[in-house]
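Chain IDs A, B and C follow the sequence of writing; residue 1 opens each chain.
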């Protein structure tokens, strides 16, 4: 539930609650979302790469060191302490060194349910308040210490008491946590929460080696926000059960992982994984084509088009749950014209959605109908608006603005929405589209911080913005955009009592069919009022050398490197 | 040479007063590099003036089906990521980039020459303080300055020029200072002072004219720098308001698409030609204005 | 005035000035109407009062501005640059890491610029209007016009991608184990440790970015030296020297170059300073972990301590450079006294 750079990675969510309640903690429970609506998490190429993944244990040759090099764009890695980090890049690194109680099935290819990882099994009480996890036997940390329930309690309590960026994951939901015995953990929630199991997939809920972390000055006390001193160590080392160990982090340069020899499953394939930050897109592309990089992330979409003809390259396509949207104020004091819903609708009808998706994104995006990404409960791609300039003009005339008007659009200059679409390009496109209905956008680039401050304060008449998920449930979106006074709605002064009531109620009930219906209704109201116009839900494209196996994209921790081999 | 300038100036009629300027102009037109430079600069000014009439397309008209096309008969310089005609955008860009380069370069060199001359000539504590301020300005992050200027004064081209001037003047100041320090010890200056010229007069009639040629070189080379700098600040709102094309911003946009070489190359060549133009003009001016060269030529 | 006294006076003027700079920087960042926490914390965290409170307390944002500033200055006077809000790491340590990386690059670039630029400028001046002169002028015009990112990508495409003569982006082969940090200059550190493999890799990685970064300075130096030489060559005493029958070589080396030295040295000093402060593009294209990218990140996030840290260090560096420049004025030109 966040803007791009500041934080936010996807969480998987409360789609699961109903499944949980009915199937009672069966790890094979199927989510209620209809498969047709679910964006396929992986493309054909990706499936192919996956199917041919070798299952045999890797053979080690003494001479040839196995190294995987991942080329990252300018990254947001600012900490690698699982209790503190909350940016987009770190989860994939943390997930390689740490593990969680539950994880995504099929190497991360499915996002509609969870399966046990460090837990052997789990049980959810019938009121969905008490979660009991039985830990797997024989799991050792990289240090050689055995995994115990105490480690889980320590890690989760530390997450909450650090009071850092992700602390709300624990503090907002958990009432108490206790170790019943060496292998059993019981977590009691404050109130029923469908997203909780899915949140546990988050690398923030990594299980840390409490002995090692305490030795390094770590604590899970209530005073941890002042007294915990382990972050500096955890930024450069790891204390997890994962297949790799964090060996080195040089900010703005590289992160190095090494194989964990004490891993509790088959050892990982690579001796080392090097995550290199290569901030320039074209330079990163050259490094990839030259063979110095095995996986290239975040290349320019037009450059990827050209790479597709290269026989040594596989382009993996995955559906994100990110979105880029247009926001218009409903406050007549800020813009008397835009405060009229007919005008907002006219603008929404004047936008050339197809041009944005096919032209600017080379087809690598879905059209987002409203404010809940496609694939989640209660979404319908058929709701999406189509361009209709005539109707838009008619609506403007009806609103007494047949000759059009001028509106000021402040936007973050040089910023890439959802890390793919340059704001300046999208702004120019929208500006040109609106010209056709005589709406003249007076656009003004700003630095990101100032733009963010003004948007947050509700000062902007019309702007473009992006959003990335915190957890994969409509409850991560609907309240923020539809409930009066909530974080997004407040920015456009949006007030609608019916939408507010529906979005709140849908988070409290558990019947998936009922919830889906309510979320659809919320979006219908939003699409009538149109304070927000969904534009695109981008697809992510990862460029991979052809000889790599087992590269599978998921929107929670990006790639599970344990399964990657050559 | 130094002494004859010091003779009391005879009273001149208006026509006589203008004669030196006319002579200079005539000499300038006889100078080959000056005429070439002047021609290039005038041509760009003409382009800037006539851009709407001579550009084949509107600089903001988008054709998504024609995006990122290489140069062709239809689109001489190709098209950009929105299918806009780069040739038309380069022509229109002259309307923004030329004035901003001129304003910035004139403003920075004026401030720089003033500060540098005072620092170098007066010396001592004044010099020390002025130069340390210059050091601090050079070190201060221009991005923060630009954001603060946008916040305080709002976006726009004039504020962009202000920001760039604030950032660039110390370079000129240091260069002028070094020349002034070297020149103030020269025989012709000490001689002038010895025969009773006031220090201020000596500075303006003897020292600064001799420092001018170097300034001209720096100014003409900095034209390109100013255009590129303007683009680096434009994303915080200090620059041309989109969709108005601006060379620096067009070049910067090419950074994301290096393999579509035409995106950055053509606006880059435009900047290059302007720099060449002013450079030739500067060289010509230098030849014409240089007192020693005159004497030799005359 | 003695060199030492001169140095002392300079330092005495510098310290209050730098404090003034911090006040200026603090005021500017404070007046920009944006909350630095919003650039660091997620939307969820911003909506959580405990987390926001914990941050405000930790970074002293709950205190009135004058108290925050005095706090910063008093820590600064004890040699503590404070901590970054975004990374929670001490700025002093960041600077120790990023500054040498950029310095190493800037030294290499300046070396290139001087070694090529000064002789080219001298030759161009003495061979005025001949083909060498035209070539030198053309090169320098191209050098000041070509955008750094473009030159950088072109060099990479040619020498790394196509010809495969030189390594790509980065400071060193990422697979190598690096020697312990002593100076922060990878070349020196590997030399100290006697690790020739790292040394050779580091040197190879240095070539392209140094060429790209130095291109602008080289052009500027060529032109300034040429212009300054032309000035001097027309002075009477050079003509006297020539008339005395001194060889042209001697005239140029002994008389002309010495007197053209002041603006030339100034431009070299300026160029070096510029490289330190303006290496962002080169650092981005060549994935160089330098101070330029660090500064831009800090400025984008309005992260006060790193912004001021960079400013102070770069200002300090300018002051050192200009001290050297001013002292060398006196060395090259005996008529100039340190005042």
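As a working rule, a contact is a pair of C-beta atoms (placed from the backbone, for glycine too) under 8 Å apart; a residue touches a chain by one contact, two chains touch by 3 or more.
From a predicted model like this one, the values you see are computed outputs, not experimental measurements.
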{"item": "By mean Cα position, the chain sitting nearest the middle", "value": "C"}
{"item": "Furthest chain, CA centroid comparison against chain A", "value": "B"}
{"item": "Of A-B and B-C, whichever chain pair has more C-beta contact pairs", "value": "B-C"}
{"item": "Centre distance in Å when chain A and chain C are each reduced to the mean of their C-alpha atoms", "value": "39"}
{"item": "Inter-chain centre distance, chain A versus chain B - centres from mean C-alpha coordinates, in Å", "value": "48"}
{"item": "Inter-centroid spacing, chain C versus chain B (mean Cα positions, whole Å)", "value": "23"}
{"item": "Junction residues of chain C - those touching two or more other chains", "value": "32-33, 149, 153, 157, 300, 302"}
{"item": "Residue numbers of chain B (touch at least two other chains)", "value": "143, 147, 151, 255, 258"}
{"item": "In chain A, residues with contacts to at least two other chains", "value": "280, 282, 447, 449-450"}
{"item": "Chain A residues touching chain B - in the complex, by the definition given at the top", "value": "280-282, 300, 302-303, 306, 355, 358-360, 413-414, 422, 424-425, 427-429, 431-432, 442-447, 449-450"}
{"item": "Chain B to chain C touching residues, read off their complex", "value": "123-125, 127-129, 131-133, 135-136, 138-141, 143-145, 147-148, 151-152, 171, 174-175, 177-179, 181-182, 185, 210, 213-214, 217-218, 221-222, 224-225, 228, 251-252, 254-255, 258, 264, 268, 271-272, 275-276, 279, 286, 290, 292-293, 296"}
{"item": "Touching residues (chain side chain A, partner chain C) in the complex", "value": "1-3, 5-8, 65, 67, 69, 74, 78-79, 84, 86, 163-168, 171-172, 225-226, 231-232, 250-254, 256, 272, 274, 276-280, 282-284, 286-287, 289-290, 292, 447-450, 452-454, 456, 470, 480, 487"}
{"item": "Chain C - residues contacting chain A, complex", "value": "32-36, 38-48, 50-51, 54, 58, 86-89, 94, 97-98, 149, 152-153, 156-157, 160-161, 164, 168-171, 174-175, 284-287, 289, 293-294, 300-302"}
{"item": "Interfacial residue positions of chain B with respect to chain A in the complex", "value": "60-62, 64-65, 67-68, 81-83, 143, 146-147, 150-151, 155, 234-237, 239, 241-243, 253, 255-260"}
